[in-house]
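Data first, discussion second: the structure below is written as structure tokens.
Chain IDs A, B, C and D follow the sequence of writing; residue 1 opens each chain.
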Amino acid sequence: MSFLLSYLVLATIYSIAALSTNLLVGIIGIFSVSQAAIIGVGAYTVALLAGVVPFPVAMLVAVVLCALVNVLLALPSLRVAGDYFVVTSFGCQLVATAVFINWDTLTGGASGIVAIPAPSLFGFTADTPQTFLVISTIALLAACAGFWLLMRSPFGKIVHAIREDETAVLAAGKNVLRAKVSVSAVSGVYAGLAGGLYATFLNFIDPPSFDLHVSILILTMLVVGGARTLAGSIIGPFLLLALPQLLNLVAVPPTMAGPLRQFIYGALLIAFMLFRPQGIAGRRL
Amino acid sequence: MTLEVRKLTAGYRNKIVITDVSFELAPGSIMAFFGHNGAGKSTTLKTILGALSPVEGEVWLDGERIDRLPIPERIARGIRYLPDSRGVFPDLTVEENLDVVARMNAADSGARIAVADVLSMLPLLEARRGSYAGTMSGGQQQMLAFGLALLGSPRCILLEEPSVGLQPDLVEMLFGEIRRICAKHAISAILVEHKIASAMAISDHVLIMNNGAVVFDGPPAKARESNFWEFF
Amino acid sequence: MPLRQLRSLAAAVAAAVVSALPGTLAHAQGQPEILIGALLPLTGPAAPVGLEQQQGVQFAVDRANAAGGIRGRKVKAIFEDSQAKPDVALLSFNRLADLENVPVIITAFSSVTLAIAPLATRKKVVLINPAAQSNKLENASPYLFNTIPLVKDETSAITNYLVNSLHKKTAAIVYENVAAGIDGRDDFKKAFEKLGGKVVAEEPVEFGLTNYRPTLLKVAAAKPDVAFIVITQGHPTFVEQAAQVPGFPVGAGTTFVNPLCCYAGSAGWYQSAIKSGIPPELEKEFNTRFGTKSMGFFAREYFNSTNVALKAIDHLLGKGQALNGENLRAAIFEVKKFGSDIANITFDKTNTAARGVDIQQYTADSRKILATEEAK
Amino acid sequence: MLFLQLLVDGLVSGCAIGLVAVSFSLYYSTTRVFHVAHAGIYTLGGYLAWYGAMQGIPFAIACALAVAGAAFAGAVIQRFLYDELERREATPLVMLIASLGALAVLQNGVAMLFTPNILQFPNPWRTRMLDLGIASVSYAQVLVAASGLAAFGALMWMSRRTLLGRRIRAVASNPFLAEITRLGPRSVYLAVMAIASAMAALSGIMVGLDQAMQPYTGVLVLLTATIAVIAGGIGSLTGAFVVAVALSVLQNVALILMPGRWSIAATFALFVVFILVKPEGLFRKR
């Protein structure tokens, strides 16, 4: 059943991506639509390094780089808030996609990078969905544990307070800047992790794998699953990745199938926002 | 009685702020309304206006029960509200401010006060007709806000801290206008104010609240003698 | 969402699942259907192309069934949406391979095909690529068959003609900023410069956008002898806007630009074309079936490639062998020559078909063949 | 002259983007809802007009019907989505996500109804050329520019001179006061949405007439427009229009110096820098 297994692998990878987005959007309230760009940075880094250095080293470099880039992209939110930042974030996403496509000496351009080696660790190579699922599940569990600990820490409480009322936290003498930067960095680490796993699982990456639609898909996963909670970031990806497979069972004319699926995604977003904005297992947005 | 508030209990989500508030207001009379921050003054005014729904109690205006009506319906019957700030449309000129409100309320039966009346009542506005409201001083904006509240056929004006940010001479002038216009047009007013002396000077009636309950209700003379000032 | 609504939603989903089940279970009884998979971009910006490809596949399947099926067995095409995205395609591939157990999958788009090629090798599923031309497809998988020459081969044919027969010395390149366009750009540049030509401008157009004017103006301003065009979408609009640009040079391209033909604005332009014919009665049948005006390049190639798969399956069943990917791969090499009204495709040791290439020139309402370079 | 032709083409496309920018700005500054689905309305307008034209309806009438249809669609979104959300006290984030949902519904609804193919209008006159001396433009381009300028002018006039215009500005600048002075903010929102949708649709129709249409192109147009709105200064209609035209001209003319493949990225990178340096926009609101 490698269909089921590869579905599970992708769902775990997207869960890590959703956690990354959750940290920014749900936890500190930076509405980012450029998470796919960060995941892309992680994926390209690992793809380029995978054959050169051992897998864990490539992963480490990707994770650090992503943390840096994510902090850099989140910085404008300190200066411009709300809808302004959404547009800035859109802009960052488009710039990233253009770089992936046009910096072709490094990224392979629009044709992407093929034959990325599967991850190998202590002589054990994860080149099937079965073995990869072990790696991706461990990664997801680690990410969940990190998220859980972060939320329970005193630091997590400050972060929640910032989303509720930033000025009050500032007035209380807490370091808002440090809190925001730290959470962005953790979010970047998660994105790098997701990107590295994605590249080594698919063995192939190209710019559209990290474009605006992917950012919005991850956001949709987060929203449907439920923002601000751990469970939401996991339920969402598992559900939304399964949905197209379910829809395949419904008899519709093949020409309609594709737009219909996107149509249903849209309708789902509307329905959730109207009737259950906290998603399936989240808290009030 | 223009306004009767009977046993009003109201508040926000899961939090009752005022309990059992009752008072009456005669036509043309001004009620000074005092109390600490958080005593329930604003909540009372907002419940009369309709921005909050009462949990219990009733509000009557000119013999009609209005506490279940939506805000615009209450405005149509003569309730007016002057917020403590942002009482004007900053992107419109003085004339446009008055014009748009007057025209949207022109269909009311018995609309008595027109734009021209307001301009003659508040000559300061006449001089600034073409200015954008947002560019005017706080005092001028407060005058305009008061003017907007007068348009149509007001019966009862709820004034929330009208003196905030005004120079003392302007406060006296504004309060004088309020007194004069209310008397002339038989409009009643509730005046929430922390400039106690100035407010008392133009009031017929004083209401003091503490912790969501009315602790004093009587004429200004009696209020001056009472011991409720320890609350302030 | 109130519980009641949730429940009715769940009921609707369940009903849909149940109603679809008989269809998927049908082949479990009696003479089993022959299933072939097709992984096409049915949504997103690439959907117009995907839908045309889908019609081609469906047309071949319909005709096979109308003729009594393959050795008495009905054929069914199972379509999966790739959205032209590798990760979506990966899941769809696994669905087709694991759940439906198809021996062969017809693919589209270089990125998608490249992403699933390693899996196809591992799972022994034949991939047939009828239209993607990325050079990386050449050695992507022993199970991948390209029924179309890759971009470098076709490009060299038209480039030869431009330089040697038409004596063009300078060229500008207008390319779509996606894999196919970029490959085309690079291959043309390499081939053209090798023959002594000079590329004076390289200008991209964004996929899915329809304002070509700034690009066209810039190309015209470079005053090249010829403009090499690599776009896969929006051809009529492209010609229309090129005609509005004074001094726009004569255009040239490969099979991709087939639909540029036959407008006043593109009269005199050249293209190479993978030799592929279409009998008028077949095109008419296609048009009646799908309500189209012509059977486009993608429809033809996907129709033909589906027939390649069916013919190999027929060969396999004729030998009494089990229908699986491994046997099918061998069968394709055994059959070797797949002749049809549309094209003669030969797999001679390599996985990429050798096909003849025509050099055509357009008039305002038709095209004529100037030269033909036969398959080597 | 390459430069002049690029300049003129940029001005023409700028009028179309300007119209989207102005309508987005009008709606955003009045309601503070970041209405991403505006891109879907832009797309819908073009397809409705195309459908009318394909039925043999004269272009002007098809255009009018499509504009009315788009205005109606916008009003439906306002009434049954944004109003409902506001009643539920939804946060801006929830509104934005719902709007993204509405965008997907509109784009894919159009794709399902009219196919996702690139479609062209059947009217033959649209490609005829007009020589302006310094540059030449198609009849359709003339219509793009003329409709953009006319609609912008009409909006400015409406905003200054009519009761509705004053109500809109009043509601935009102080919604609570508008509620308690009976200016009817809800009906103003509905009217603003209808007007904004009509304008976006007009732009979508004219661009579709000039170039061609695809269900998914509206997003990039809207993004460029929102950049113009923010750079122009939120609430300044003139700012939005002027910056949109300037942006379009800049994108076109910059091609002389820069490879085209970097132009979209350059625009957005420039914007990100701009927003950090001057977040209040170029045209300060009074």
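Couple of notes before you dig in:
Simple rule for what comes next: a residue touches a chain if its C-beta (ideal position, glycine included) is under 8 Å from a C-beta of that chain, and two chains touch if they have at least 3 such contacts.
Predicted model, so just to flag it, every value in this text is computed and none were measured.
Geometrically, the chain at the heart of the complex, using CA-atom means, is D. Comparing the chain pairs B-D and A-D, the larger number of C-beta pairs in contact belongs to A-D.
Averaging C-alpha coordinates per chain and comparing to subunit C, the farthest chain turns out to be B. With each centre defined as the average position of its C-alpha atoms, the distance from subunit A to subunit B rounds to 53 Å. Mean C-alpha positions place subunit B and subunit D at a centre distance of 42 Å. One inter-chain figure worth recording: subunit A and subunit D are separated by 31 Å, centre to centre, where each centre is the mean of the chain's CA atoms. Subunit B and subunit C have CA centres that are 74 Å apart. Not a single residue in subunit B touches at least two other chains. For subunit A, the set of residues touching two or more other chains reads 101-102, 255, 258-259, 262.
Multi-chain contact residues, meaning those touching two or more other chains, occur in subunit C at positions 43-44, 47, 51, 177. An unclassified topology is adopted by the chain contact network, corresponding to no line, ring, star or complete arrangement.
Here, these are the chain pairs in contact: A-C, A-D, B-D, C-D. Interface residues of subunit D, counted against subunit C in their complex, comprise 2, 5-6, 9-10, 13, 108, 111, 115-118, 120, 127, 129, 136, 138, 211-214, 216-217, 220, 251-252, 255-256, 259-261, 264.
Across the complex, subunit A meets subunit D through its residues 25, 29, 31, 76, 79-80, 82-84, 86-88, 90-92, 94-95, 97-99, 101-102, 212, 216, 219-220, 223, 255-256, 258-260, 262-263, 265-270, 273-274, 277, 285.
On the side of subunit D, the complex with subunit A involves touching residues 28, 34, 81, 84-85, 88, 90-98, 100-109, 111-112, 115-116, 219, 223, 226-227, 230, 261-262, 264-265, 268-269, 271-272, 275-276, 279.
Interface of subunit D with subunit B (complex): residues 163, 166-167, 169-170, 172-174, 176-184, 235, 285-286.
Those residues of subunit A that touch subunit C in the complex are listed here as 1-4, 6-7, 10, 101-102, 104, 109-112, 114-115, 128-129, 198, 202-206, 208-209, 213, 241, 244-246, 248-251, 254-255, 257-259, 261-262, 271-272, 275-276.
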